[in-house]
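Pasting a structure below so you can have a look.
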């Protein structure tokens, strides 16, 4: 149904945009091991995105590439956190922490979706995201407890990511319509909070007591994005759009 | 002496030298230079292809390209490890690289101007690399040979992917086909020059061959490569930018047109289109990442201390 | 005392206070706060529009937009200078801004999502700014009033350019028209709220009016603005997202629908969509530029010393 | 003629791409005065570009916007120096020094072009570029003689720009064909070198003895660009290309 496609689009766009961000690090990471690790994570996210987008595309008789390359900014459905800039390594890790804990809890439950395709994608994805979560948690510890500078940067990175957290838990009427197909984010908020709190506590960090953005602003699921997404899409889509109808 | 004799025996038997074996200082030095140049080439070589990750024109191609560039980081890791078995730490090699003191394959100093360049690099550059590297799987130094085995397996995958990119373009729109031909035109000669200078201008080759590091001469490998490309370019429906390519019945070898070795030397000397850019980017990544590496080291130390204290208490 | 009496006389005569004149501490404080908020608004306000400089869809529009954003830097400069005549240096004001201690017009915490937003900002935001600022040209503090005269002249230029952008879009393709309407929908209410809270919730207004800084109440200005927009939106062929706009014959004033003052307060308190981003960008520019400012200062000192030595020798 | 259009295209693309680079600084400069100054320079360059491109466009029955927004990367004719990244302020200033001395000497002579349109554009532009040259020279002095850090950065900025200098003086067969219409760069190489040498000497800097790129690589005038231009164009053209045929 269109509703399921819409839901798959949200999850797919989250992964696609994050993969696009993380891909930047390949050839620029602080050490070779991280070129490999961030590359792996980007690849996993891109893989999940392709599964979700292909599934969504079916509902409109399109392909994953139609969706990735030929939608305008306001047709993308990622939450705004996913499109935030990489910043320094700490900011990327802060974003990774929130994102991977969120995706882990979500996919874990989505394995039981009454929609078998979504369930199957989630079952594969959850194992990979488990590693992403571990990778982010380990780095939060290293950076928070490493040097004075790394601690300062880790805190700054968390501060810049935190205002985009609340939007992830927005729960609009789509969830009610989808019933057991989807995983309403409220169902795992407590587990999400607990995991984050545990990591931050081990890292001897305060839970960033930052003002959350008002709901009005977190409109990624409605196609309302931050100023960053337009630039990302211009770059991502440029070649495909220069050659309409071409295959690659 | 005994060490030299044992070494000579191993070489004569075409068997393998391992890290703990005695080896001549010159052998060690040659290997460190060659392995580290190879490692640096993998690392610097990530850049021209990474240049198209964000703009790859389909998600499938984006995934393949990401995986490929990431593989190159992995190859760099194997190779630095192999160099480390010879007593040269990765950090030192990295610092030589960003200081501009170390060499890497000169071909990565050319820009990737279009998506087709990703295909051309896969097909021609990885193709040439494989020709060079397959014999290195039998290199006399064990860790190097074993690293090459892993690397070659992945490289032939990469070459095939490059070929597929070009094939898709060559069978696509006229603009796509033009893009593919243009890329082949630009990468052909630099790929041929990857095998190094002509045999009569390659002073170190002889010693490397005696040591069973190198197995074939530069020109032999280059000729073999040209032959392969001639066959494959036909399948692509493209042409090589060299009207002097021919099979010489007498020598039973492929011949090719003259190569611009002056340009090769210019680029090698740092005056290629992207030398400055490639080194700057590597330097930037290294310097921007310093605080991260320091944090990781400090954290590891802290963990070790905590563990030791725990052990003492227990 | 004599100072207060002189001050009162000048205010009563609706004449101008100049920097060397005695003035009440509260008057000075109010002015510094208002002028610096205004200066900060110009500076932060550059960002949402600068967001489209690189992507402006025609070279003419790119030139106009660049000039406009640059004008805003100029306005910031005038206003910081006016604040400096009250004894508060620019550096201190800048540091307050990047520390998140100073306010700026809350409307700049909304994102510019499309090119039409550049038009909507010119038309609605600059339009509201002009309504606010024209009376400020007669503000009792001389340097402020004079700065406002220069600024207002340029602002009305900007408003006209914004109107033209929207007009071109509204008469363009269906997508362009939709883009324009969407931008007007998003910027209308925030623009109305630029005049500040309703009169019955604006405690400082009365004193400012007594001091001849403010000349009209928030609601009066807002109503006047709505009236202007109603006329102009018709020329555009667009609509205002407010079905309660009407001219009240009895009060002879324009009325409008209810505004979401909770959202206003949220954004003012730092919880708008772009508050963090705007401050981060300003902080980054300030910190990244520190070494440049230090170099300029060191060079100026060096030049001064060299000159003095020359003079001593001579 | 096509040759004159080609020549105007080169000069126009130099200005357009530089304006696009410099425009980035507006709202990001080290001090407000520089937001204004760099904004002015960007505007001047854009103005010159519009004049040259409009003139060139006439030869093909097109408009300035057709040329700016609807050409592919390999149809752009700027020298590669103009498309180099801004880097830090010192790198931007280093680029500005070379560019503005070059444009000043070029436009000064182009005022006497036998083509009256080119002569008129140059006569207006030369006055503005004189200011750009002064702006860049003053900053080179400040940065080179300011602090240790600023000196280090100034040297680094010059190093990164220098390899792109030689291409500016490439003199292909177009100049022979154009005769008195164009200004062959060889005609002002000596004046260019002298001015640069004087600034660097006052700044107590060595003339960067850096290897120049071989001619083979400096192919901007033939449409062969560095890896940076594609990204710049993707961003610059994205909106216009999303709405073919629209007017703005």
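Things worth noting here:
First chain written, first letter: the chains are A, B, C and D, and each begins at residue 1.
One rule holds in what follows: a contact is a pair of C-beta atoms (placed from the backbone, for glycine too) under 8 Å apart; a residue touches a chain by one contact, two chains touch by 3 or more.
In this text the structure is predicted, and so the values were computed from the model without any measurement.
Mean C-alpha position of chain B lies 36 Å from that of chain D.
Distance between chain B and chain C, defined via averaged C-alpha coordinates, is recorded as 57 Å. In chain C, 55 are the positions where the chain touches two or more neighbouring chains simultaneously. For chain D, residues touching at least two other chains, in rising order: 230, 234-235, 238.
Taken as a contact graph, with one node per protein chain and an edge wherever two chains touch, the assembly fits none of the named shapes, being neither a line, a ring, a star nor a complete graph. Pairs of chains meeting the touch criterion are A-B, A-C, A-D, B-D, C-D. In the complex of the two chains, the chain A residues touching chain C come out as 73-74, 159-160, 163, 211-214, 216-217, 224-227, 230, 234.
Contact residues of chain C toward chain D in the complex are 43, 46-47, 50, 53-63, 66-67, 69-70, 73-74, 76-77, 80, 115, 165, 168-169, 172-173, 175-176, 281, 284-285, 288-299, 302. Taken together, the chain D residues at the contact with chain A in this complex read 72, 230-231, 234-235, 238, 241-242. By the touch criterion given at the top, residues 16, 19-20, 23-24, 26-36, 39-40, 42-43, 46-47, 49-50, 53, 64-65, 68-69, 88-89, 141-143, 145-147, 149-150, 153, 235-236, 238-240, 243, 245-248 of chain D touch chain C in their complex.
Of all the residues in chain B, the ones that touch chain D in their complex are 48, 51, 55, 111-113, 263, 266-267, 269-274, 276-277, 280.
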